[in-house]
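In the two complexes below, chain A is the common chain; its partner is chain B in one and chain C in the other.
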Partner chain A sequence: MGVVCVYAFPVPEGKSGQQVVDSLQKQVELLGAVKTGNFSVDCETYQANTQAGTLTTTPQRLIHVLHNSEQPASCFSVLDTGTTLIADVLFDVLIHKLTSGKAGKEAFYQQRKGSKMESKGPRYELSDFIIKIGSVSMASNFKGILVEVEYSPCSVPTECWNLMRELMQSFMGNVAETPPTLVKNKMDNFYLPGDTINQYLEHFTNFRKQTVMGQPIR
Partner chain B sequence: MAENQTESLIQAIRCTQKLRASVANVFQSLADGCPVEKDNAVAAIGAFQESLLVVYNDFSDVEKVSSSLQPLSSVTPNSIYLSIDPAIDKLPVYQQIIQSYKWSNKVSDLAGYAASVMEPHAKSKRTTQYSSAQAKKVKRISPTGHAVAPTAVEACIARLTQKVPDISMKITHPLGSHAVLQLTLGRILKAQLALRGLIIERVNVRGLTETNLDESQMELWSRSKYDVFQKVTESATAAVLHFYFPHNAEMSLYTFLHWFQKFRTLFSAPCQKCGKHYLNGLPPTWRDLRSTEPYHDVCRQ
Partner chain C sequence: MALAGVTVSIEAVHENQIQEVTLDGQEICVPPLSMSECLAKSAQKIDFAEEDGEEKGKTTSEEETEAQEKESSAFQPSLWPWDSVRNKLKAAYTETGVLLDVLNIAKEKKYMVLAHVQQDTNEPKSALQILAKKKAFGLQSISSGLSTAASVLMGGADRLKKSQQEIGNRQQTEFHFELHNLRQNWRLKKVGNSIIGDLSYRSAGSRFWQGGTFEVTKNTMLPSEQVEGTNTHSALEVVIPSELEGSSYVQVEVKHVSESTGLMHATLKLPNSFGKYPADAHWQTKLEVAQNVLFCKELFSQLAREATQLKSSVPHVVVGNQIFTNIFPSVQLSIILCHATGKGDEKSQPRPPKVEHNHVLEHSLHQLLREVHHKTLHLDPPHPVTATFGMTKRRRLAGPSGMSRADLKEMSESETLLEQIIKQARHEVLRVRTMTTIDRLASTIPDPQIMAHWSCLNSSLQSNVKIIITSNGYDGLRLTWQSLDLEIGTDSIKVVTKDRRILMLSFLEKELEDLIRWQVSQHHISLSQNLARLMGWQILSYNGCSGVGEMEDFATASSIQLVAPNNDRMLSIRSGITSGLHVYLKIDSKDSLDPSLTALVDPKWLNLSGTFKEIDMEQIDGRNFAAKLEFIMAMVKQKR
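Moving on, here comes the complex of A and B:
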């Protein structure tokens, strides 16, 4: 597992998301990257059913369940508190059970409506780098662009940050000036797959907030 | 030999003088004429025949002596004409040449004697020198780096561990007596060093997180899946050959490890030539063998 940086790539006014994605793809291909298929990261949010719980005073608890096509056999679940659980895909079945009521009893969790988000797009390989250009959609509405760059041979962000920055700036420009906050907080530690999921979740939450506040997506 | 020649020369001159005298005698008697009388005729012819016989004998003597004479040395063939020079008193070149020729002849003769006298001594000296050189040569042919006892190998590696603190080393013996060193360089990479005695036989560099599919500990034969570590493996193999000292295996192992620990900055050090980290999908994967400075594979030429 290498170091992964996920950036939200801004869509300039007067341009559609697809145009920006196309130009990014063209630039990455010019660098010599080879397309090696597609990828997807999806996120579903569930909230605790407060009526069913015994402690009514506790605030509403959320649980985000994410899947990453890079780790197809795993299911990631993240709580509000930041606790991350990495389990087998069978965890989906457990969530399904928790969300379905049984014999008159209400379910423990219920799915938030229209909250399913997904980042999908082509996956490129350039020597040891993996570049993914994903278009984010929420309930089939386009929300923005997320670019993920992974350098697989190295697991410590401090070691390879300068190397990654040079590559990323060659096709993303100033967007990749500093490492993503999550990576910045643990520059000297080993990077783990859960960190990638947290980066995606952070971006998904931001996109959601922008929608709630009614801001135009840039 | 020279005296012989002068003697024969003198004899030749004498013979020639004799011949001239006898020939002159014949012509003299012919010129004078003689009163021939009836009884005297036979006696006069006899006397003339006798004088001719003397001439004939003298002539054969001269021939004999001249055949015993040797022609003048061919070493100075052209200089012989100098002796014909009428002004020989003013310019005594020919005498000087003869002198120096004699002198050099003498020197070469003496040198020959000296060589024959000194030969046995020289021979004995040379043979002793030759034998010692041969002994050294024999040592040179058979380096002993491969035939080191396992305990000595372990002791040597323990010493090296202190000398090269950046690399953590672990000795394993998966192939019997010969050791395989498992190197871990910081949080950057792992390497396997197959040793034969203390000589490095193979080096394979892999990522820190890479494990074998078959869960075996032998990572010697499986190449890394990452381009960067394949490049580093190539560089390290080249360095193994560069740092090979047949007589000092420990030295070669130490110099290699000293060079290898510079890969600690594999991802973080910029190229010394172009000043960049990234080039063609790779960081600077070459470390200079002398200065250990980082270079891209393309930039080092």
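Moving on, here comes the complex of A and C:
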């Protein structure tokens, strides 16, 4: 497992998301990267059902279930407290059981409507680097662009940050000036698969907030 | 007649012992022994215990106990309340003892032998002969006919008698006993009246289509009718299917073929003695050989299937019972299934006895197939018992540990038998090549010694060797060492030099040779460098790849300049791979300087002038270059 940095690439005004993605792809291809298929990271959010009888003063508990095509055998789930669980894909079945009510009983969790987010796009390989340019969509609405860069031979961010920055700045410019906050917090530690998912989740929540804030303006 | 009145009384000599003499002088004799008593007495004289030490303990102890009993009975009064019980117990005990003796006598042949009383067996024969003779008196022809008929009948009677005897000797249970033995090693089942066995590897995890059933029958042949020279006879016989008869093996050959000869050209050579085993061998050997045939067939069919499916730049060729693959250019691996039925062997011509058979590879082939069998049989147990079956532990933990796509892909890849054996063959070829190259260089290059230390721990795909280049007599000085490690892989050699540089060499031995030669030339220079340091000389310059002088065939020459401690002598050494080693010496002399300047000039400026002259190293004393150089340095250093 290498070190992964995920950045939200801003879409300048007057340009559509697709145009930006295309230009990014072109730049990456110019660097000599080879396209090796597609990738996708998806996230679904579930919330705990408040029991009808009990008075709940605590806010609703959320659970985010994410999948990453880079780890096809795993299913990630993150609580809003930040606890991350990495499980087998069979965890989906468990979630399905928890969300489906049975015999008049209400289910423990219910899915938040319209909260499914996904980052999809092409995957490139440039010797030791893996570059993924994903366009984020929420309920089939385009939300933004996420660029993921992985340097596979190294798993301690300090050791390879400068190298990664050099590569990222060559096609992303100033976006990749500093490491993502999550990576910055554990520069000297081993980078784990769960960290990638947390980075994605952070971006997904940001996109969601933007939508909520943007709605009254529209 | 004077003595007529004297009466002479004659009486018989006392043959019997006198038991007692009464007071009136009368003697009471012991009555003479009867015949049976006499026998008993003489029998008593024979010491049975002497014959068999083993039985001695038993019988004597019994006697002792009896004697003790008698004594105790003699001393104890019969008025004891438990007397009747004791008596009865004693009687029972005696009876048991007797029973034991009887059983012993009946069971063990040494006490009592039942001998056949000689009977007149000639009776029927003589009767027939008399009859024949009678008839012969009248009709000659009838007599001859009858005599032949009689001989046939006689033969039959003899045989019947013999078989009767033999059956008597040999227990009927022998067949069942052998069947029991067979059952311990082989799978048997009863179908109708016949017993069917299975010698295939199905139960061991094989999925080969061909079955290996054999039938177990009773051997009706008598031991006396057996062929001379065979001493084993069993009551049981196995019938092996015709396609598994004979014996077979898989021949693995690594051959060097020139480019011109086609891949298709190969001859099957069989060792002469192969494929023959006696027809009346023991069933165990028969079954084992048949099982081996089945195994070889499965192995070969598996390899052939893989060879046709496997894509490679040079296609694998499968012809009949042969598979050819190219492992390196002009090196061919051929796998041949040899199956000798043992029938047509007498006719075949004596073949060349030398067969380039690679036993190691054959063995690893067998091992690989057995591994496949083992894998099909030994699946990892499902972890929660409700989980899917056949998942490896690594695969199970892949999800929770967040294994990446590349790792998962790597895990799912499995190598076929053929790929694995090709890899092993490649490694073996490469190892042998490296070995011969090093040995050849070590014997052709005398001056620096080349030593190869082969690691004793190696796998079938990797082995390591450390090459140490040193000068004889200077081995103790670590400074004068030059070492490199070779890691021989499947199709390339990884070299780690002394300064931890990593070089990858291909399978060509020329590359390795060049490398070692280059290291040897480097060794000379580093040796002189270190020697100079030890002798107090100064190193003026060192050039790892000097551009002047003769061109080398490959790589570059290196050179070093050394100055004596008092700055008046200089040595220049140049070591090339093909051009060899050259040592030049410069001695500056005052003569070369303008005499008018001698008074003015500091002696150090003298060092600037002078010319280098080559030293003929052949003329210098010393075993090797190191010794010679040390000698030169010591000589030259002396003050003028």
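Quick note on the criterion: the second predicted complex is superposed on the first by the 207 of 218 C-alpha atoms of A that agree within 3 Å, B and C clash if a C-alpha of one lies under 4 Å from a C-alpha of the other, contacts with A are read in each partner's own complex, and residues count from 1 in each chain.
The definition used in the following text is that a residue touches a chain if its C-beta (ideal position, glycine included) is under 8 Å from a C-beta of that chain, and two chains touch if they have at least 3 such contacts.
Nothing here was measured: the structure is a model prediction, and the numbers come from that model.
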### chain A as common anchor, with chain B and chain C clashing or fitting
clash
### Query
Is A:Ser127 touching the first partner chain B, the second partner chain C, both, or neither of them?
first
### Query
So, does A:Leu192 touch the first partner chain B, the second partner chain C, both, or neither?
second
### Message
Per the contact definition in the header, classify A:Leu167: touching chain B only (first), chain C only (second), both, or neither.
### Response
first
### Message
Quick check for you: in the superposed arrangement, does A:Pro153 touch first (chain B), second (chain C), both or neither?
### Response
first
### Which of chain B and chain C A:Glu70 touches, first, second, both or neither
second
### Message
A:Met1 in the overlay: touching chain B, chain C, both, or neither? Say first, second, both or neither.
### Response
both
#### Entry: Against chain B, colliding segment of chain C, chosen among 19-27, 199-207 or 469-477
469-477
### Summary
Residue overlap on chain A between the chain B interface and the chain C interface 1, 152
## Note on the structure
Seen from chain A, its contact residues with chain B in the complex are 1, 32, 126-129, 151-156, 158-160, 162-163, 166-167, 170, 190
### Query
Which of the residues in chain B end up touching chain A in this complex?
187-188, 207-209, 226-229, 266-268, 270, 276-278, 280-283
#### Entry: List of chain C residues in touch with chain A within their complex
395-396, 398-406, 408
### Query
In their shared complex, at which residues does chain A touch chain C?
1, 69-76, 86-90, 152, 192-194
